[in-house]
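Encoded as structure tokens, the structure appears first; notes follow it.
By written order: A, B and C. Residues from 1 in each chain.
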Amino acid sequence: MTPLLEVRNVARQFGHVQAIRRANLAVAAGQVVALLGDNGAGKSTLVKIIQGYHAPSSGTMWMDGQPIRFASPAEARDAGIETVPQDLGLVPLLSIYRNFFLGRELTRKPFGFLDHRRMRAICTRSLAHLGIQVRDPNEAVGNLSGGERQSIAIGRAEHFGARLVMLDEPTSALSVKQTRMVLDYIVEARARGLAILFITHNMAHAHAVADRITVMRQGRTVAEDLPGDEVTVEEMGRLVMGTLTVDQLAGRPPPAGI
Amino acid sequence: MQGDARKHFLGRLRTYPEIGAVTMFLAVFGFFALLAPNFLSLSSLSGMLNLASVVGTVAIGATVLMVAGEFDLSVGATMGLAAMVFIQLSNAGLPPVVALGGTFVFASAVGLLNAVVVLRARISSFIATLGMMMVGRSLLVLWTGGSIVRLDEPGWMAALVAGRIHPSGLRMMALWFVVLIVVFHVVMTQRRFGNAVYAVGGKPSAARTMGIQVGRVKVVAFLITAWLAAFAGLMQLSRIGSINALTGEGFELQAIAAAVVGGALLTGGYGSVLGTLFGALVAGMVRNGLILMGFDSRLATGLIGLVLIVAVIINTSLRGEQTS
Amino acid sequence: MSLRHPLVLCLALLLTAAAGGGCETAEEVRVDQSYFVVTHGSAGSPFWAVVVRGAMDAGEALGVRVQYLGPDQFSVEAFVSLIDAAIAARPQGIAVSITDPTAVAEPIGRALAAGIPVVAINVADPRGEIPYLLYIGSDEYQAGYQGGKRLLERGFEGSAVCAIHEVGNLTHETRCRGFAEALAEQGVEVVALDITSDTVTAVEVFRAHFAAHPNTGAVMTLGADGMSSWRVFVDERPREGVLHATFDLDPVTLDAIRDGLTLFTIDQQQYLQGFQGVMALYLKHNFEIEQANDVLTGPGFVTAENIETIASLIEAGYR
């Protein structure tokens, strides 16, 4: 199966700083890929490159088997790549439906006034369709739980045609119950055919939902496409820390000379 | 379920930022209507609208800018300087339309300058515009020479901006004020720009993520504020025919007070132009009503201060956890 | 005492100073006398220019040198350093405004210790602690009081208003207090009205006040801002039979007196503060003459009768 997005040998430097040396990644439709790595491993830079914020210094990216190069985040978004950042791209003081349509508001002819009624209706319907029940689309996002906010951010991305959703540390600030809710929601989204790149620190959360594991360390992809159910949480941690290599994991002796 | 219905009702109320201002407005209005003789007379009502107009016009700009997460303390000085520009162009014999154009070109320059200092130099707008206020005041003192400067030919422009439109004393500036309230209420609630202003002030990072040009929105908000301050300066000038070095002094804080009574948060992202209308009206009502009741008018400023505090308490308690 | 006589002083100067100088006549001795006038006001401002004029005229009449020092922009620090500069010049006397009693007490003490006579002009020490010779200036309470008396003499029905455009300003509040007490003696009520310095607000405040107190018979404003607000108000809503008086001499006030809208304005005749200030120092230095009490330069009244004379004197720089 052709992956929805494939990244090969991508590198990026900022001045003299080599943020990414060699990154590889692939994610297919209906698949959850966990991107693991310590702080400074290059995860966020890689995400920003996929998002179109930065261009790669070298290397290639493909979407549906076609080479791609995004000049701006808007281009990436048009191609169906949405990111749910840590702040979720949600404004706490604004209502759910205004957040849902933020930057993409619906207007009415002929004066271009906002079509609040239609936005409210579409927001409620679309979220319900994705399995997210909101009490009142007028409610401020700040009143919702962390899990609810996360779901709305992902639901919004899906509604606006995302085929690949990148979740940046979605569970980092959540309670156990809220985390369960978000993980369940990720599983449901996968069932609808969405490709999901799940960037996290938390091995247990990755283990719970990821089909494939990719690990970055010091700007390099050190493990790619490991089947999620064949790696333990403990092994994931050692891969991230660098105390275990993929070759060791596969049970082969390391090649001499390294 | 009654409890649920009540909760739902309160929940809905919370989403209206003008709730504190409307409550205070009704309370103060009811109080004076019952107790202050002649409070409901046409001339008294017109007077209150006139009183609210100049500071209220400045406050509309303050509201938009505060929602965008910034302040402008230079608006009072801008009022005086813009009026001075109009006087100079007009007294030099240029037609009123040209003088008006020149005044707004000047206001645009002030707005842009404020925006550039705040956004480029990354100085807090409170500090940057405090500095601009002091610079502007100093320029105005030097330019006016500290004395009263007259508009030679008030003409139709003055009549259009502040002429009397009703025997009760109602003036054009009250009409302009209400029109501006409606226009900017629509801009803030019914236009994409307004939505962007709320997002930019509420959470700039999220706004940026969603493709909103944060810097551009703030520049426009600074421009709107400067334009409205300039127009308020023209109202003042048209109303009394002259200005002096102190014209507009203190309006920057009165405008912020009206915006805050109207529901605006100092931290940005929240506020209402409609609320500001009530905020500006309440101050004028207190001043007017106290005198009609025969109280010492020197209490007015203090009472307006209390109204400010109570309104904000109402706003905060109804808004609940949203602000935290 | 005789030691202070010009001739004796002149001889003393010749003895102490290595450089020689002429000491032939008493006339020429006096030219070597130097007096300073130091205030918080810029010599360029219309008000202080008149004080300077008075001081210079006194110097010319007495044949002594007079220098005026005042900061261009109001600043207590700059003002105090100018007092220091005046003391350093070792003059025969200094006239100072007690703008900030705590700030000027120390330098004045130094001047007195050095034997330099000091008089206060324009602003007195409200605590009466600074031992200057005397105060030459107006008395705001008296000004308000006399203004009230004048309005009563003219006669009006009903209550009166004291329109304060700077609530809390000590000068304004004192004027109002004097005004109110003069009227209270005749059982006339005075309402203190906060009209703010903003004319648009002031006009609505006046409107509300007349709605609540239609029997108001007299209005006192306290300076140019209050005056122009009252003018805008009565131009729009003429108040027949309401007497008006104000303070200070500015163009709007002069026009209002000419137009018959304003009965009189109260002036502090600041020329006298400069003139009399130098005169008092001269008398003290040369003849050890000390006046026993303060000199009130105001209130002076400008009415329709003397307005044209006063206007030409303003033009000439004496008022």
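Please note the rule applied: contacts are C-beta pairs under 8 Å (C-beta built on N, C-alpha and C of every residue); 3 or more make two chains touch, one makes a residue touch a chain.
The model shown is predicted, which means the values in this text are computed figures rather than measured ones.
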Chain at maximum distance from chain C, centres defined as averaged CA atoms: A
Chain occupying the most central position, where position means C-alpha average: B
Approximate Å spacing (C-alpha centroids) for the pair chain A, chain B: 44
CA centroid of chain A to CA centroid of chain C, Å: 77
Averaged-CA centre spacing for the pair chain C and chain B, given as whole angstrom: 39
List of chain B residues in touch with chain C within their complex: 37-38, 41, 43-44, 47-48, 50-51, 54, 146-148, 164, 169, 235-236, 239-242, 244, 246, 249-250, 284, 287-288, 291-294, 296-298, 300-301
In the complex with chain A, residue positions of chain B that touch it: 8, 11-12, 14-15, 186, 189-192, 195-196, 198-199, 202-203, 205-207, 209-212, 265, 269-270, 320-324
Residues on chain C engaged by chain B in the complex (per definition of touch): 45-46, 164, 167, 191-195, 197-201, 203-205, 207-209, 211-213, 224-225, 228, 232, 236-237, 250-252
Chain A residues within the chain B interface of the complex: 73-74, 77, 83, 85, 87-95, 98, 102-105, 107, 112-114, 136, 138-140, 142-143
